Structure formats: C-alpha cells, structure tokens
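Structures follow.
Both of the next two complexes hold chain A, though its partner changes from chain B to chain C.
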Partner chain A sequence: MALNKRRFDALIIGAGGAGLNAAIQLANTDARVAVVSKVFPTRSHTVAAQGGVNAALANVLPDNWHWHMFDTVKGSDYLGDQDAIEFMCREAIPTVYELEHNGVPFSRLDNGKIYQRAFGGQSQNFGGAQAARTCAAADRTGHAILHALYQQNVRARTHFFDEYFAIDLIRDDEGAILGALVLEIETGEPLLIEAKATVLATGGCGQVYRTTSNAHINTGDGTAMALRAGIPLMDMEFFQFHPTGIAGKGMLITEGVRGEGGYLINKDGERFMERYAPNAKDLASRDVVSRAIVTEVKEGRGCGPQADHVLLKVDHLGEDIVSKRLPGIRESGKIFAGVDAVHEPLPVFPTAHYVMGGIPTDPYGRVIVPQGTGEEVVPGLYAAGECACVSVHGANRLGGNSLLDILVFGRAAGLDVIDSLKEHKNHRPMNESSVEAAMARLTRWDQQGDGLSVRELRDEFRKTMEDHAGVFRTEEIMSEGVEKLKALRDKLPDVRLHDQSKVFNTARVEALELENLFDTGIAIAYSALMRRESRGAHSRPDYPSRDDGNWMKHSLYFREGDRMDYKPVRTKPLTVESFPPKERVY
Partner chain B sequence: MNTDSNGLGRERLRWQCRRGMLELDYLLERYLDTCFDNAGDAERQRFAVLLTAQDPELQAWLLNGEPHPDTAFHPLVAAVRGI
Partner chain C sequence: MKFLVSRYNPESDASPYMQAFDVEVSRGMMLRDALLEIKRQDESFAFRHSCGEGVCGSDGVNVNGTNKLACITPISELKEPIEIRPFPGRPIIRDLVVDMTQFYQQYKAVKPWLVRNDPMPEQEILQSPQDRDKLDGLYECIMCGCCSTACPSFWWNPEKFHGPQALLTAWRFLADSRDQATDERLDALEGPYKLFRCHTIMNCVEVCPKGLNPTKAIGHIKNLMLKNAV
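This part shows the complex of A and B:
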C-alpha cells in the first residue's frame, strides 16, 4: 500500500509547553502548522511543572533580568552559555506577558499585578538578598499554560495529530531535515509529514532510569531521533536526581519532609546522614544526600527484602504534625508504598528528575552541529524545551527556570521558523532512501518468532542505568556500566513482539520507545564516564572538584562509533560583562 | 482488534492511562491491569469516562482524596486509589 503523505510549512513534534508555544507563533501567521503528539496535548509532562516560571517583573521585590542572569550562570556552575542565558532572562519578561495575554490565569497581587513567589537560588543585586521571581497560576501552572496554549492553537487552526508517534526524521543527502515519518497509533498506519521546518519538542528522558519522577511518556524520543540523524547530544551527563523518591516507583517526596524534622535511617535504624554531613545531616545538598543513600545500599545497609532502599522516618513527628503540615506525604505513602507515614517510615531511593543536556541549539532554537573548527545550523531543524540544550542550565538547573526555558525557546524557535519560511518558500525534494530507512525501523517489529520481550530488556537496561550511570559515578562503576549497556544494546535485534496487530498496538509503540531509551541512555552513560570532574549535578567521588582548566567545556556525544567531542562554553554575553567562574557557595 | 467484551478498546484505554504525571500513570495502569477485567460494565464505562478528565482533576480525586462531584464514581475512585 502506498505511504500516506501530508505537507505542512512547519512540523512540531511534541505538544508540551515548548511545542505549543512554537506552534502558536506560527499559527498566528498564514503558515500551515502540524503538531504531532503521542498523547493528547494537555497530558504532556509540562502538566507536572507546578512551581512556576521565573521572570524579573519586580512585582513583589526589586528585580531585573541581569540579576536573574547572574543567578542562572552561577546555578549552572558556569557551564551555561552566557549569551543564551542573557537572551532567556531578557525574553522572560515579554514571554510571561504574552502568556498572560494568551489567557494563562496567573495568581495576582491586590494591586492586580502578577504575584511572584521567592524560590531557592534567587537573589537581588548579584548574590544579595532573596528575590521573588517566580510567577505561578496557583499550584497548577504547567496545566494552566498548556491549556491556554492549546486553546489558542485550536483557535488559530493548528493541525493536531493527536496520538501519533514520531518514528524518525527524514533528511536529504546534505543533512537538511525534510520532515518526519510518524505512526498513527489508532490504525498502526505510517504517515509521511513533509515540512520546510521541523521542531523537536519531545521533552525529557527520565524513563531511562529505573527510578524516576518522570511520566511514562518521557522516553527521550526527540533526542534519540536527533542521534539517529547524525546529530550529537550535548552535556547529557548532567541529570538532576532528587534524593527522596518512593523506592522502586520514583514519585517525589518533597524536601519539606526533612525540613519538618523527618530523617533517613538504614536497616540498622542508624541515622546515617550524621556520618556523611555531620552539620547539615538530612538537610545537606541534594547530591550529598543522594550519594549517601546509594552508598548505604551498596555497602549492604539497605532495607527491604532486596536491601535496595533506605527509610525516611517521620512517625516521631506525631500524627498531628504529619497530617497538618505534610498531608500530601501521608496520602502518597499510603497510595504508592502502602505505608502510613504516621506509623511507619517511608521506603525511599534517589529518583531521576530532569536532564540539563539535549540537542544542541542556538538561542533561536536552530539545531547546531560541529563543522570544521566551527559550527553550522542543520537546515530545517529546530529543538526546544527539555529535549534541547541551548545551554541555559549548564551543569544544574534552578527552580522556575525549566518552564521558562521551554516557553522562551519554544517561542524563539517559532519566530525563527517564520523568518526562515520567508526565505524557503518551497519544500526540498523528498529523499526516498531516508524514508525507507525510517520505514525499516517500523517494519522491523513485524519480525515473528521467539525472542526477548520489550519489558525484559527495558527493565534490565533501566536498572543498569540506575546502577552505573546514576547518582554514584566512579570510573570503575561507569566503565563497567558502559560495557554492560553495550552488551544489552547488542540484544536489541533479538527482541520480538508477541502481538503483531496494528490497531492500537501499544506494545509496538513501547518497542519503538525502547530503542529511544537505549540511544538516549547510552549518550548519558558515555558522557558521564568521560567527564573527569565534579560540576553541578555531575558528581564524582574520584574527581571531587570542579576543574575549569580542563573541563569548562560542553560534551558532545555522537551515536556513530559512540564518539565524544567537546566545544567551548560561550562565556561572552550579548550586551553585558561576563560573569567569571567562582566557587559556588549558597 | 484489541477490544474487550464490551467493545471498549482495552488497548485504547491503556494509552489513555498515559498522563503528564507519573503518579497518575501508575494508578490508572494498575487499575487497568488488576481491576478492570473483573469490574462490571457500569464501572468499566465509568473508567473510560474518568480517563477523559484533565490531569489536575484526576490529581485532586486520585491523589489528594478530594471527592469526585458524581457520587456514582466514588467506588471507582477508591478502587483506583487502592487504599
């Protein structure tokens, strides 16, 4: 049967905050815009971002974008590109006002201005007093943004392909991106979408780890598609872990529990954080607590039948305090761990939360790759949001900057596509060999016979990622991990689907996602092994210090040959003086 | 075709269980895998309706324990919560 084809000016893959904010820019022109999303758009992971979005509006306390920029550069442990960070902090202000005009119901002050709350890592006057920079729509900011942008896109006649899964990018022999092959999940039929510009906005990849706070949809689809198109991933070793996720499941237990007096114990009932951080104890920084938990488990002091977690004790606080101050924790404990925190401790383990790295782009969302001694733009390809790396978060991300990143750079990508469409009025010729390669990726799952199951290999892969590319990163552990991951990757061709049906065959989609998990996860493991320093979220006991002389540079992982390359950090901002690296003290 | 005896696409429902929040993924998929097949027709229909709600609504009912406005859904919500 002939392959169905559609043509659009722009194709956006992913319908979270980045994708929808790119799409609305385009849809407000006369461009024909398609948005492909594997789930219904308002079910994207942006909905889980409840905290808010940073912008130096100065509605509550004095503020300006330059202070916001300083905090972001410092938070990045000086690995963020300062031109991109300046761009983001300046653009934050019009971006929030545009959202307001698009109908996002931000919480208000009595004077009618947008309310702003204080968050960790926000300062006035370059490291001075606490700032209040985070705009929120009650406790459902992410959903409010998604809902408003979705409605605006529907009004502007954006064409939504809901429950379509992107299989691979299509490119010509010069490397220009021509669109993507996608799968209609309902019918199991492939569809070729040709576009003059394609925007990857597929979100994060937390599902590469066994324990993650990310939704099941976060399988690194965009990052893997970029890798398969020959594009490297940047700074993938920088992954934020939260120390207390529900063991084996990953749901976050807020740090507020330890702030209220909760503490961690091992199987002997020992309050072990006293050994790792005698002063701060359970309130030490996230990476210190996370590594302490993993060390306890590795050294045989873990709890439970598998000795694979520790316990978070809150029962000593009494029912009154737990019920009044930590009601959500009591509910979460009951629902996800079968434990009433008032009477028993909660089983916890570090949970993978956010990837700072991704597809390398410039501040206009254009994907850039090394070329000779410099860089060049990949014609027709953009990326924005958690799947991209601009890089504004560098080695660590500040709270309130993730929503900001997706909104500013989704918008910037959409605006740049508008400009590019003025120059590129015609579709480039289709490249049939690239379409065939993408089709082969789909039809490979029609192979019949016995073999490994998707679940079997996925579980082994995610456990290996957790054990060897997670919180505890030494040369020995990571070298062993890379070899194990490569051996698992060699088993991928042996995986078979038992259900070959086409209609709503979710097993087929999970198989395609498994390949994406492998490509993206191995990028993380390689990048982490090769970075021999500790910086931001990448913490190595064998190289405990930041090493600006050798490592103030971005990592680039290429899938072909598992090759690494590096490029300098852009320390020169657009209009202001650079912030030179300093020791990061809070 | 992947359908159950009621003609409701079970695999379609499985995909509808994919949400923006891990907590919802976990609860909804667990219900589908462990309770759905033994549920009566009315509860199965209600589950399909429940999946059309927005994530913050599901969060309120399933995670925060706020009552669903339609009391007919209360047994289903309790079964999905599993406590």
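This part shows the complex of A and C:
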C-alpha cells in the first residue's frame, strides 16, 4: 500500500509550551504549520509545571535582567553559554507580558500587576538579597500557560495532528531534514509529513529513571530521533533531581512551597539546610538541596519508619497562604501522601525531574553540529525546550527557568523558521532510502514469535539507570552501569510485541518509546561516566571538585560507537561583560 | 482484588465485553496503578494516561457507574468488584479509549481564548486580585471530559448542546475582566440548545475531579444574559 503523505511549510513535533509557542508564531503568518503530538496538546507535560516562570519584572522587589543573568550563569555552575543566557533573560520580560496578553490568568498583586514569588538561586544585585522573580498563576502556572497557548493556536487555526507518534526524522544525503515519518495511533497507519523546516519540541526524558516527577509520555522521543539522525546530544550527564518529590512516589512538590516560606527538617526537627547553605538555606540551588537531603538520609537523620525521607514543613504558613498560593500542593499532599499540608509536614525525597542537556542549538533554535574545527547548522532542523540544549541551564537549572526556556526558545525557533521560509520557497526532494529506514523502525515490531516483553526490558532498564546513573556517581558504579545498559541494549532486537493489532495499539507506542528511552538513557549514562569532575547536578564523590581547567566544556555524545566529543563553553555574552567562574556558594 | 474491565478491539470484537482481572492491591494505590497492573498482565489492554497526578486530564474512565480520573482515585474508596468502563455516550475506539472529537469541537465552539480589542499595553493588562479571584474555580479545568460525558443533555445532543466543560470555559472568559467580547460571547450562546439544554441535573458537579462547578457557571451565564437583556 502506498504511504500517505502530507506537505506543510513547517512541522512541529510536540505540543507543549515550546512547540505551541513556536506554532503560534507561524500560525500568525500565512505559513502552513502542522503540530504533531502523541497526546492531545493540553495533556503535554508543560501542564504539570507548578511554581512559575522567571522574568525580572520587578513587580515585588527590585530586579533587572542582568541580575537574572548572573543568577542563571552561577546556577549553571558556569557551564551555561552566556550569550544564550543573556538572550533568554532579556527576552523573559516581553515573553511574560505576551503570555499575559494571550490570556494566562496570572495571580495578581494589589496594584493589579503579575504576582511574583521567591525561588531558589535568585538574588538582587549579583548575589545579594533574595529576589522575587517567579511569575505565578497560583501553583498551576504550567497548566495556565499551556491552556492559553493551545487556545491561541485554536484561534489561529493551527493544524494539529493529535495522537500521532513521531517515528523518525527524514533526511537527505547532505544531512538536511525533510520532515518526519509519523504513526497515527488511532488507525496504526504511518504518514509521511514533508516540511521545509522541522522543530523538535518533544520535552524531557525523566522516564529513563524509575522514580520521576515526569509523566508517562516523557520518553526522550526527540533526543533519540536526533541521535538516530546522526546528531549528538550535549551535556546529557546533567540531570536534575528535584529536592522535593513526594517520598516513594515521585510527584512533585514545587519549590514555590519553600519560596512561600516552607522549609525542610530532619528526624530531629532540625532545619538542616542552615548547615549546607547558611545564607540561602532552603532556597539554595536545587542540586545543593537534593544533595543535602540525600546526605541527611545517608547519615541516619531521615524520617519515617524506614528513615528514608525528610519532611517539608508548611503548616506554620497558615491555611490562608496555603489555600491561596499553594492549592494544588495541598491537594496532591492529601491524595498521594495522605497528609494535609495545612496541619502536617509533607514527606519528601529527591525525584528525577529535568534534563539540562539535549539537542545542541543556537539561540535561534537551529540545531548545530560539529564540522571540521567549527560548527554548522543542520539544514531544516530546529529544537526547543527540554529536548534542546542552547545551553542556558549548563550543569544545573534554576527553578522557574524551565518554563522560561521553552517559551523564549520556542518563540525564537518559530520566528527563525518564518525567516528561513522566505529563503526556502520549495521543499527539498524526498529521500526514499531515509523513508525506508524510518519505516523499518516501525515494521521491525511486526516480527512475531517468542521474545522478551517491552515491559520486562523497560523495568530493568529504568532500574539500572536509577542505580547506576542517578544521584551517586562513582567510576565503579557508573562503569558497571554502562556495561549493564549495553548488555540490555543488545537484548533489544529480541523484544517482541505480542499485540499485533493496529487500532490504538498502546503497546506498539510503548515499544517505540522503549527504543527512545534506551538511546537517550545511554547518552546520559555514558556522558556521566566520562566527566571526571563534580559540577552542578553531576556530583562525583571520586572527583569532588569542579575542574575548570579540564572540564569547563560541553560534552557531545554520538550514538554511533558511543563516541564522545567536547566543545568550549561560550563565555562571552551578547552585550555585557562575561561573568568569570567563581566558587559557587549559597 | 477483582476488577472487571470493558474490552473492545474493533479488529476482532463485534461488541464490548467485560473481562475479569485479579490485581494485588497495596496501600495508597490509585486506580491508574491498577490499570497499569492489568496492562502488565495483558499488553493489549488500552487506556489513555500520562501525568499520574491529576493535571493532564488523560485518564478519565467510568468506575462503578461514575466518571472519575483514574490517577487520583484511591482503590480504597471503591467497592469490589470494581467495574471499569469507557466514558458513556462516546464512540469507543478501543477498550477504555473513546473518541472525544465532539467534546473538543464544543470546546472550540465557545471561542476559548482571551479577546482584546484595545491596543495591548507595553506591560501586563492590569487586573485586581478581586477580579482575578473570579477566575478561580474556572481556569483549573483540565478538559478530562468527566463532566460532559456524565451529562444526559450532552448524551442526547452532543452536536448541539455545548456541554458543561465548554460552558464552564465560556464563563471563564466572560468572567475575565480583561476580556472584551462579552456581547459576542452571549449572542453566540442564544438559542434553545447550546446553553439552554442544561437542565441542572448537576452530574457534572458531582463528578468533576477538580471540584469545579459547571452548573454554577452556567447559572452565571444565564443571569448575565438576563441582566444584559434588560
């Protein structure tokens, strides 16, 4: 049967904040834009973001983008690219106003301006007093933003392919990207979407770990597609474990709880963050707080019968503040921990939350790869949001900078696609062999007979990732992990799909996701093994210090041959002086 | 614990049937965990789900006759045997997966976006905390569809009656002090069906997993219409 084909000017894969903010730029022009999403757009994981989005609006306390930039550079442990960070922090301000104009129901101050709260790692005047930079819609900011962006795309008549799963990118022999092969989940039929520009906006990959705040859908689809198209992934060893997941479950309790005045205690009731970060205390950077919690538990000061978590105290804030500013958290605490935060502290432990690394791009969202001694743009390919690495988060992301990243760079990618369409009026010729390769990835799952199940291999993989590429990272633990992961990867061809039906076959989708988890997870484990220093979220007891002499550089992992390469950090901002590396204390 | 689950694969089944599964339940288990366990036993079992914490709105199902969001429904609250069916009144695609096209069309029909005619200010459009409070209980909707697919008026007239979800959304924009399309929005809701097919049966209020009140929102719209007509 002939393969169905559709043609658009631009194809956006993923309908979270990055994809929808790219799409709305394009939809407001006369470009033909298609958005492919494996779930209905408002199910995308942006919906779960709680605390807010950073912008130096100075609505509550004095602020400016330059201070925001300093905090982000410091938070990144000096691995973030300072040109991209300057761009993001400047763009933050108009971006948040644009969101508000688009209908986002931000919480308000008495003077009618957008409410802003304190978050970790924020300071006034380059490391001074705590700032309040996080614009919030109660503790449902991601939900409010995602719905507003979807609504604006409905207004602009963006063409949505809801519940279509992207299988692989299609590229020609020069490496230009021509679109993607996708699977209509409802019918099980493949569809080839040709586009002059393709934007990967597929979000994160927290499902590579067993305990995660991430949704079932966060399986690293875009990062894996990029790897299979020969594109390296950058800085994948930097994976953020959020300090406050609900213990044993992983659901997130926003940093906004601590921003509103909540704090952590151990079994002795001690406010232990005072020992680890005497100034910022509970609002130290996320990597610092996560390590502190893990240390408390390891040293026997954990709470509960298993002494395996700490407590987040909120009850002193009073019912008014909790109901007004943190209603969703109160609800989650009741449902998942059986605790009403107004009366009792919440049991928490770090949970796999966010990948700082991703597909390397420039500040316009264009994907860039090494070429000779320099770099070049991959024609026709963009990436934005958590699947991309610009890099603004470096070795550790600050709370409130993730919604900002997806919005700023989703928008930037959309605008650059508009520019590129002016130059590229025609589609490039299709490349049949690339289509066949993508089809082979799909039809491979038509093989019948006995074999391992997707579930067995997925469970083993996620456990191995958690044990060997999680918070504890020594040479021994990680090299054993990489060997185990490679052995598991060798078993992938033996996995069989027992359900061969076509209509809404979620088992088939999960099989395709399993391959993506493997490609993305191994990039994390391998990059982590190779980096012999501690920086940001990457903490190695055997190399406890940051080593700027040898390691102030970005890693690049290539799938073919599990090869590593490195490139320098861009320390020169666009217009201001560079922030030189300093010791990072909070 | 015994679970009875509705199964239907259009490639092999003439009509839906119930299949029994035994699932070992543990303390704090949610209905979604049980559905995942059933999928571990039989990978051909299909249902939608994602965030697992009640914000993405993917996993609405009918449990013992009531629409619920599986990921925030504790097993301990349910009577055995637990019968799980797809949302009533929607075409079944497979197992618990239903076709929600009409539900989304009704949502789009109320023009669910903020309309401003004035030029945009350079900064935010100002809104008092009191005006912002009017959006509480409205903007939190996750579009799971529990309400509309529990509504008899929506069962009978899904193509003409907007249904509680879309009407809650309509009021969310009417109630927003920043929105400037009040008259157009109200005009568009005129006629015997779109709004007025609501007979205040209030199933929507009972089932909303986020504790929202579409019936009240519909009442507000009717009052505003009346006020504007005078």
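Just so it is clear, the second predicted complex is superposed on the first by the 479 of 586 C-alpha atoms of A that agree within 3 Å, B and C clash if a C-alpha of one lies under 4 Å from a C-alpha of the other, contacts with A are read in each partner's own complex, and residues count from 1 in each chain.
Basically, a contact is a pair of C-beta atoms (placed from the backbone, for glycine too) under 8 Å apart; a residue touches a chain by one contact, two chains touch by 3 or more.
Because the structure is predicted, anything quoted here is derived from the model rather than measured.
Enquirer: Of the two partner chains, chain B (first) and chain C (second), which one does A:His316 touch, if any: first, second, both, or neither?
Expert: After superposing on A, A:His316 lies clear of both chain B and chain C.
Enquirer: Using the superposition on chain A described above, determine whether A:Thr506 touches chain B (first), chain C (second), both, or neither.
Expert: both
Enquirer: Applying the document's definition of touch, where does A:Lys5 land relative to chain B and chain C: first, second, both, or neither?
Expert: neither
Enquirer: Does chain B (first) or chain C (second) touch A:Arg271, or do both, or does neither?
Expert: neither
Enquirer: For A:Ile217, select first, second, both or neither according to whether it touches chain B, chain C, the two together, or no partner.
Expert: Both partners, chain B and chain C.
Enquirer: Between chain B and chain C, which makes contact with more of the residues in chain A?
Expert: Here the partner covering more residues of chain A is C.
Enquirer: Using the superposition on chain A described above, determine whether A:Val39 touches chain B (first), chain C (second), both, or neither.
Expert: In the superposition, A:Val39 touches chain B and chain C alike.
Enquirer: Please report the chain A residues shared by its interface with chain B and its interface with chain C.
Expert: 39, 42-45, 47-48, 140, 143, 147, 186, 215-217, 251, 328, 331-332, 335-336, 338, 499, 501, 503-506
Enquirer: Which residues of chain A touch chain B once you look at their complex with the stated criterion?
Expert: That would be residues 38-39, 42-48, 140, 142-143, 147, 163, 185-186, 212-217, 249-251, 328, 331-332, 334-336, 338, 499, 501, 503-506, 509 of chain A.
Enquirer: Spell out the part of chain B that touches chain A in their complex, as residue ranges.
Expert: Result: residues 1-2, 9, 11-12, 14-15, 18-27, 29, 54-56, 63-65, 81-83 of chain B touch chain A.
Enquirer: For the complex, which residues does chain A have touching chain C?
Expert: Contact set of chain A toward chain C: 39-40, 42-45, 47-48, 57, 96-97, 100-103, 105-114, 137, 140, 143-144, 147-148, 151-152, 154-155, 186, 215-217, 251-252, 328, 331-332, 335-336, 338, 453-455, 497-499, 501-507, 510.
Enquirer: Taking the complex as given, what residues does chain C use to touch chain A?
Expert: 9-12, 28, 39-40, 43-44, 46-58, 72, 74, 93-95, 97, 100, 104, 108, 111-114, 116, 120, 122-129, 131-132, 135, 139-140, 142-143, 176, 178
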